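In what follows, structures are represented as structure tokens.
Both complexes below contain subunit A, partnered by subunit B and then by subunit C.
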Partner chain A sequence: MRAQRLAPPSAIVRHAVLLISGALILIPFVWMVSLSIKSPGEIFRASFSFWPEQFYGIENYTEALTSSPLPRYMLNGVVVCAAILALQIVICAPAAYALAKLDFPGRNLLFALVLIALLLPHEMLALPLFILGAKLGILNSYAGLVFPYVVSPLGIFLFRQFFKTIPDDVVHAARLDGFSELGIVSRIMVPMALPAIIAFGIFSVVSHWNSLFWPLIAVRDQNLMPPPLGIMVFKNEEAGNDYGPLMAASTLVVLPLIIAFLSAQRWFVEGLTGGAVK
Partner chain B sequence: MAAITIEKIEKSFGATPVLRDVSLKIADGEFLTLLGPSGCGKSTLLRILAGLEVQTGGSVAIGERVVDGVRPNWRDVAMVFQSYALYPHMTVQENMAVPLRMRRLSAWQRLPLVGRFRPGTKAVAAEIETEVMRTAKALGIGHLLARKPGQLSGGQRQRVAVGRAMVRQPAVFLMDEPLSNLDAKLRVQMRAEIKELHDRLGVTFVYVTHDQSEAMTMSDRVAVMLDGELLQVAAPQEIYANPDDLRVAEFIGSPKINKLQARVRDGGLAETAGTSFTIPADIALGTDVALGIRPEAFHLVEAGGHNILTGAVRLVEHMGSDLYVHLDVPGTHHPVIARLLAERAPQITFGRTLHLGVKPERLLLFAGDGRRLRPHDHKSASLVKMKERVQ
Partner chain C sequence: MRSASSATAEAITSPADRGASQKALRRHQIAEMLAAWSLAGPALLLLIVLFFLPVFAVIAVALTDWQFGASSFTFVGLANFRELLADEVFRASFVNSILYVVIVVPGTIVLGLAIALLIESGKSFRAFYRAIHFLPFMATLTATAIAWEALLHPTIGLVNQTFVSLGLPTANWLRDENTVLPVLAIIGVWQNLGYAMVLFLAGMKSIPQDLYDAADIDGADAFLDRLRTVTLPMLGPVTMFIFIVVALKAFETFDTVQILTQGGPGHASEMLLYTLYRESFQYLRTGYGASVAVVFLFIVVALTLIQARVMDKKVHYQ
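Let's look at the complex of A and B:
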């Protein structure tokens, strides 16, 4: 594809639209970062500036890291997100392989169920899951945070679409070479579907890192809380109107996601579109 | 070393039959080609041999062993696929080592990192490496071992696919149109290489193709398939010169065989297109038959008459050594194509009337249902007579 040069008026309109929508998305983040380096007095000043007159960042960030168990929250986030992602791949990849490459009665019905599950918001399941978790005695534990998310309809769907694009001959060759069906999934399909797996991984990590609703229901122990819930609790109990450290904590919470996304951006786009254009 | 016995194989996908009552014996060390147009069921038959597809009925034996229900990797067969089916995330070396690793190393030993420390792994891994190296050198891809399939040309990928099949020394090679993704020049070269490979290894090859030149040049025997049925199994020259069925005659040979509808007249003559041809005398009067005449069976003669077709030149194709002359013959639906020597070219111009003679022994005679009628074949002749009486 060749880049097309637009006539000046339409180019201006196009860039204006892009700039405005980009700004709408970015401004809250910039504001957050800006507040996190201002002194308390400056935050509530009527006049407005992005850059602080007096740099107060070190105090705010130190406060955020020391007065709340923020490192603990972030560690919880890492543990929970990693466990969820690993289990999701372990469960979704074989399921997707079966739906994409194996022939068995009821396959289409099962796939339809996956699609239906894709349409249901997870919040709808909160109450049944809470009761189930209580019966199993896994509430208020890492297991309680991880368990409801290990079967991901989105993961099954994405992987299935990608596996469909892998030629049947590759599966046949693997069978002739002596791989078992699970061996085909783990040694052939998953490595070949790496872009899709990375894309799904970003989805999964972002949504569970930011997840507030289910952790709010499932855990009470501060030592188990993932970052957003921790911050919310911290804000209510400790900070009051002390917005500087709060914004510093928020900045620290989103930072890993931004770094992860930027470094995996290439695969992310490839993984989402790869299945469609091949 | 293994012969293959295919007995009464049936296969249908849902209600659609794909293979009908296919029986075939392939000798140990034979190069047999399954030839047919796409959709005739030849690839399905090959996949049933490999165990990748389960037949609806019938049975397959490799060597002495009936292999129905045996997993593909226990059948001692290796397969080369049309799309090569290499693993894109592995290097050439890894691709070729996979079948050996899967057979000789335990699941524990195959684990990354951990496996290296299991007893015996190192020795087996080194052995595998030397064997892969030897096979790769034999195929001229020794210098490509560190590359991934994506960095190879079509011909190189093809060799890697052959190497992956070869390295485990199977009793039977199955090849599913392995050359159809290559360009014409490379195809001719690889054709010769595969044939040489067969001569060198001496194992059984089953080769699937829709390309008759591949089938004719490489095979010991050709099995012609059409619509899920095996029409004829014979040596290439036999298939060409002596087809059992009109469909086989039409499928093999380029340009296509000329087909003339004729009616048997008294005195062993068949009447068609304003002339008559001598045919074996024992076919009943009034029977409708089809005459098959290969383009090269014609020779130019001076004037029309018995055993001679007369028509106007419609198109002349120069092929270098030969001319393909298309003639409009009154009373036929399709132009008749004759292959003549190139030095005849000055005489043959558009619109000119030509007389083409055919020796009676070069006529192929087919019954109305496409079956071959052979001279002195009393069974088929009397069958025709019987049919005649019924009518």
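Let's look at the complex of A and C:
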């Protein structure tokens, strides 16, 4: 029990204030869903009511799913996020193991490089990365969306912190059992570090599912666009204010992460702030 | 040089054994080094290619007049930076970014702290309130920005309808150069305050109960007394951390500008990352765009160096 606990009247004030601020925070989400089930006529009549007089959700959601390649955008998002996360783990976990458990000349220098890279804002490097992608001929492809992120300094950093907490005896025992160093990483360290992997995985998937900047630069082909870029194009193509289908599309893009968040809240909070709290 | 310990070692093992074990030790060290570098090699190579070479490349390109696709370019020294200083759009972008940060950072910290304090002051519904306030931080900003656009619509938007019914003045929020930047900043606060709240909650959990007990003995039993004497001072380090992280995020604002305003009206909502994007990838003025990136880099590195010093302090506090 915290020492700042309040007396009953203040407890009512606490709930009142938090319910009001919570409601204000939720308004954009609520309005998004509300417009997504209203007919164009009702949207332009502009009422305060959340629930429509005439339920128009089926039409709007059908329109969102058929007039734009929204399912394709979502699939692209899944493919890109999965590829990025898989490569990040495959590349970062061995490096983190070397930094945490092996003794070799250059280790401190390598760790310093990781820390410096951790501080560099990736957007600032978009121009050289764009040129690199163009030279490699992988722009406008899944590879173009994925390659800037295959190594994550934050991933190396977090995995190293976690691996350091695993006793050295575990490593020695594994060596005596005939494991190779790579085998130790993939069959012992990574499974033991599952909490850190999940937290980092949530961070990685949320950032790349939501990312607009790099996809906007890297792909032109609509069939390759991840969800944020896709709904931006959908919005620009919709002449005027055809809000219903646009809000339906936005709702569908936000929905997977919100469902995941509500069902694994603690993991999300840890993952998205883990880099800060260490 | 023969030390006492090596003399003892010699007495226990024969010279031949010692040579063999040293050789084995060296072989073991070499094996460990090879293993380490082959495990860390791919990551190191990719860090160099995807982080460090691009930093040098962007600085080098900023010193040229290269336009993407052009086959030749010339070294122009600091001409791009002189042009930046004289460029009204860049100056607007720079000033707007700073104004935006100046609104978003205190707004996020004050509201995040207030909500964290309220949540922590009782036991019921903590997870529920935390979830609601954290939601905007993980939701896709492109999509929620579109929802904000609908809310802020001049005629059918909920904001103006509410203002009209309350008798308040209305505006075309995103098309009025006086309101556009504050409105984007409000969206920035809305998006980030949950992040600050969560970090404050973690900070409050780590305050030792002893301090509250001591405050009790000193007669600081009212909620506000505890807040003033214990909670707020102990949250100093985490507040500085949030300050820097949110400032960095605010400097890197892009999605809302791209989706809602495209830097307009005029250049009233032009911000650094949007300017960088437009110059480099829409106008293809590669050299010039790179010089924007270098300015951006300087700001971010300066902020992170401050952060590093602050985090040092945090260690001393504890």
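Observations on the structure shown:
Here, the second predicted complex is superposed on the first by the 231 of 278 C-alpha atoms of A that agree within 3 Å, B and C clash if a C-alpha of one lies under 4 Å from a C-alpha of the other, contacts with A are read in each partner's own complex, and residues count from 1 in each chain.
In this text, a contact is a pair of C-beta atoms (placed from the backbone, for glycine too) under 8 Å apart; a residue touches a chain by one contact, two chains touch by 3 or more.
Just so you know, these numbers come straight off a predicted model, no measurement behind them.
By the touch criterion stated above, A:I188 is placed in contact with subunit B alone, subunit C being left untouched. In the superposed model, A:L125 lies in contact with subunit C only, and not with subunit B. With both structures placed on the common chain, the touch criterion links A:P9 to neither subunit B nor subunit C. When the two structures are aligned on the shared chain, A:D169 is found in touch with subunit B, with no touch to subunit C.
Taking subunit B and subunit C in turn and counting the residues of subunit A each one touches, the greater count comes from C. Look at A:F48: by the touch rule set out above, it reaches subunit C but stays clear of subunit B.
In the superposition on chain A, contact of A:P94 is made with subunit C only, not with subunit B.
Of the two partner chains placed by superposition, only subunit B is touched by A:G178; subunit C is not. Contacts of A:V206 after superposition: subunit C is touched, whereas subunit B is not reached. Within subunit A, not a single residue is touched by subunit B in the first complex and by subunit C in the second. Residue ranges on subunit B touching subunit A, taken from their complex, read 47, 50-52, 71-73, 77-79, 81-89, 98-99, 102-103, 164.
Of all the residues in subunit A, the ones that touch subunit B in their complex are 167, 169-170, 172-179, 188, 191-192, 194. Across the interface of their complex, subunit A is touched by residues 29, 32-33, 35-37, 39-40, 42-44, 46-47, 49-55, 57-58, 61, 68, 111, 115, 117-125, 127, 129-144, 146-148, 150-151, 153, 155-158, 161-162, 190, 194-195, 198-199, 202, 204, 209, 212-213, 215-216, 223, 226-227, 231, 241, 245, 248, 252, 254-255, 258-259, 273, 276-277, 280-281, 286, 289-290, 293, 296-297, 300-301, 304 of subunit C.
Within the complex formed with subunit C, the residues of subunit A that make contact are 1-6, 10-11, 14-15, 17-18, 21-22, 25-29, 31-32, 35, 43-44, 46, 48, 91-92, 94-95, 97-99, 102-107, 110, 113-114, 117, 119-121, 123-132, 147-148, 150-151, 153, 156, 181-182, 185, 206, 209-210, 212-213, 216-217, 227-229, 231-232, 235, 241, 243, 246-247, 249-251, 253-254, 257-258, 261-262, 265, 268-269, 272-273, 276-277.
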